[in-house]
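Notes for the one structure printed next.
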Amino acid sequence: MATLGPSHYSPYPVAVYENILPPPPGKALLFTEVVDEEVAMREAAKAMLTRENPTIFPGPQVIYAWNEEAKEKARLIRELAEVLEAKIIPMVDYRPKYPKIDPEKEINPNHPNLTIWHNNIKACIFVGVHCHYANVALKIIRAETDCFTIALCSNAGHEDAMITLRDQHAEELKKFIEIAKEVKKEVK
Amino acid sequence: MQKLGEELRNRAGQKIVDPEYLLFEAPREKVFMTGSEVVKEAVKRASVDASVSYPITPQSEAAHLIGELWVEGYVGVYFRGESEFGVMSEIAGCSMAGARTITTTSGPGTLRAMENFPMWAGSRLPIQLVLMARGINSPLSIQPDDLEVSFLLDTGCMVWYAENAQELFDMILAGFVVAEQPDVHVPVINVINGFFISHTRESVMLPPDDIALPPYNPYKAPMPPIDMEMPPGRFLRDPFVMKSNYISYATHTSWQFEVRAAIERARPYIKKYLGSLIEEFGDPEADIVLVSTGTGAAQSKEAVRLLEDEGVKARVVKLRTIRPFPINELRQAVKNAKVIFVPEFNVVGWLEREIRRYLYKHSDAEIIGGPRVAGGMTMPPEIIVKDVLNYLGKEVKHVY
Amino acid sequence: MSINIFKINEDLKEFIPQEVIDLEEKATWGNPKRGVMDLPYAKELLEEHSLCAGCPESMAFRYILASLPNPEDTIIVNSTGCTSLVFPHIALHTVHSLFGNQNAVATGIKRTLEWRFPDKVKDVIVLAGDGATVDIGLDCTLQSFFRQEKITTICFDNEVYANTGGQESGTTVQGHVFKMAPKGKQWPKVQMWQLAIDSGCHYVVRMSVSSPKKVEQVVKKAIYVAREVGPTYLHFYTPCILEIGLNSDDGLMEMRDKDKERFKFFEYVSPQAEEVIAKKKEEGLL
């Protein structure tokens, strides 16, 4: 828990206050380091393949069949989960859920830590979550869990994740799947 | 957007160009214009969807001129709201529904609208507000004074400050581009000193008016727009997070930090589209530094020229942005300063406070909060010269 | 496109909670004839919420949401109060912005959606309590009527500030003792429906929500008239059983009592609204 610096006693440290910004176009962020996309994908695959209970959290942009890209991405995410031997727990919407969520089956951006604690998730991938809610959730996770967070973002990325990949579309997902297959051979 | 041949056109029929081309490469022609007229010229080239207006001096003319653009088909939605509180809520509605938006206000209007500004930021609405600063009540004054800016510093909005009509034009265009970046996506308030900029004519270089910024794409925003066209279908913008079973502290704290983080993420984009968060003027070796914004910076530049005649070397560090605050840029720029003057157009010295905060333990310079004028007073460069000469123990000659 | 935002990708369906799948499969989308009679069979657009047990407001919510003729293209703007506790759980795009600015926000949304989607009907509805509509938000409410915004405004009148603990409001009845009126309210109940007529609304109703079918009828009329003519206003009595000391099964009887007095059914229809209603009746939509 951060007790010094601009976050003060808030349990939610903020990466930008440690001068960490999203990666520039064409690059990725590995903790505090700007790296090539392939490097980040390898490390992300390694984290998912070696840590306990790896889980993919798909968000509304890929859960719902609202355009062709979403349908394609959903198929690829399913494939990615199989390669990474990861569970899938959806973030179906962003509402503060009443009376309470079932953390085994859902993740909620307002208390993502419950799902991670409950399922003992040590590595996760955010994909298809709107950036604001991903950022709100990633800050909470960063402070309250030891989960290794990976963000696959179709926009500019998420500096509060441990690995962030930006401009991720179907092509990039396919590339990630191929890299994950290679890494799997190495680590398993 | 419609495709004509190979060219993309916006709904007004203007050719869509890259922001870099519009800002830096397109040929420009010199015109002689007021700040209010320049607002119209910027909006005309910005593929704006919606603007809501309300009369208050000195921003009214700019708002009228945006109305003319609506008549001419350059702006999609335009009307007069009931008060600044209503206007800022109406423009929030436009922005939530996926519009690129701009509005204008001044002084008491800013304070009337106040509850909306943190709401805009918390709702991640990239609304642009052109603020033509004037005095706030009581007593009533319509004259230039920028005290109102201090109230805006912690709203979660970006606050930029233009020195002249040219910079205002460029900042309005850059403002849309930076504020609408998906990882930024917070409001941008472009401040000018009312009357000094809004009502005086100066030379401005403008690109052609048949080209415009690419339209806003609400489907890249960090939250879905309110239009029932993007999932999730079950979506409240923005929910109460106060019930204990929603573990309120987590969401609300993280959310507030996220808004502040968004402002920090604007830094590289501002460098790209404005050049720098600061502008330096004068002899880089000079250890007398005038740090100011807007018209204060313009008058400081003139004071530097006058001081040169007196054999005194001074320079200006103009802050283009207050939020995000150019922390490293300022520290670097005043590295060798012995004394820093902070000329301001208000009685409280909010800029001095900001500068002291960020230079504390980062500069050995003496910081002098002033000269200050307010309530409609002008700031002749001579009063800055006088303060500097007095500080140096030099004779003050032709200064009245 | 709009219904697609509820369709779930087949590849991920097995991981999705049943109630979300039900929204796609069992809710009534694309059917303007949907109504309160679907309530026992169809998936409702409202999930579990946190209103008090037996709260008449929750009944009103269910009837209204079941009656929307075009839910796949309907936006609801809300304000602060008990109603805002329900909004996260409504399966539509909705807004909570500030206390009292709901009609201003709705104005911006409606006008922008008309500009962005000129060929599509997007209904914008305001749904807020009496404090939001009549007290703190009166300016924004009436101004949106003056401007002839094509919005339906629905006020849930419980005659009290309930969410903050029972304070007097503008719609409290004269003499009634609430907090902040410890000697009883000193002035009469605001006749908001009359103000709505005088301010330019084309269809205005005052009633309680004791009859679901009646709610369906007036909601549909109000939305159709707002779509084609201008502002419409529905003033519903949704008593706060907690603040007036009733049990959770007393809400309906309280409304039926008031149906005979200050919430006796009252309807105003402008000549232009008459035409729209007649047309919709011909089309079998009313």
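Think of it as A, B and C in the order they're written, each chain with its own count starting at 1.
Just so it is clear, a residue touches a chain if its C-beta (ideal position, glycine included) is under 8 Å from a C-beta of that chain, and two chains touch if they have at least 3 such contacts.
Values in this document were obtained by computation on a predicted structure and should not be read as measured data.
S.K.: Comparing centres built from CA atoms, which chain ends up most distant from subunit B?
M.R.: Measuring from the centre of subunit B, the most distant chain centre belongs to C.
S.K.: Could you tell me which pair, B-C or A-C, is linked by more C-beta pairs in contact?
M.R.: The comparison resolves to B-C.
S.K.: Using the average of all C-alpha atoms in each chain as its centre, how far is it in Å between subunit A and subunit B?
M.R.: Centre separation, subunit A to subunit B: 34 Å.
S.K.: For subunit B and subunit C, let me know how many angstrom lie between their CA-based centres, rounded off.
M.R.: 39
S.K.: So which bits of subunit B are touching at least two other chains?
M.R.: Only 224, 229-236, 239-240, 243 qualify.
S.K.: Where in subunit C do residues touch at least two different other chains?
M.R.: Where subunit C meets two or more other chains at a single residue, that happens at 1, 5-6, 47, 50, 88-89.
S.K.: Any chance you could list the residues of subunit A touching two or more other chains?
M.R.: 63-64, 66, 92-93, 95-99
S.K.: Spell out the part of subunit A that touches subunit B in their complex, as residue ranges.
M.R.: 7, 10-12, 14-17, 21-22, 24, 60-61, 63-64, 66, 92-100, 109-111, 113, 130-133, 135-137, 139-140, 144, 154-157, 159-160
S.K.: Give every residue of subunit C touching subunit B within the complex, in rising order.
M.R.: Against subunit B, the touching part of subunit C is residues 1-2, 5-6, 23, 47, 50, 72-75, 77-78, 84-85, 87-98, 101, 104-113, 115-117, 122, 139-140, 143, 147.
S.K.: Within their complex, state which residues of subunit A touch subunit C.
M.R.: Residue list for subunit A touching subunit C: 58, 62-67, 70-71, 74-75, 77-78, 88-90, 92-93, 95-99, 102, 105-106.
S.K.: Okay, in this complex, where on subunit B does subunit C touch?
M.R.: 49-50, 52, 76-77, 79, 81-83, 85-87, 89-99, 115-116, 119, 123, 224, 226-240, 243
S.K.: Spell out the residues on subunit C that touch subunit A in their complex, using ranges where they run on.
M.R.: Listed in rising order, the residues are 1, 4-12, 15-17, 20, 47-50, 88-89.
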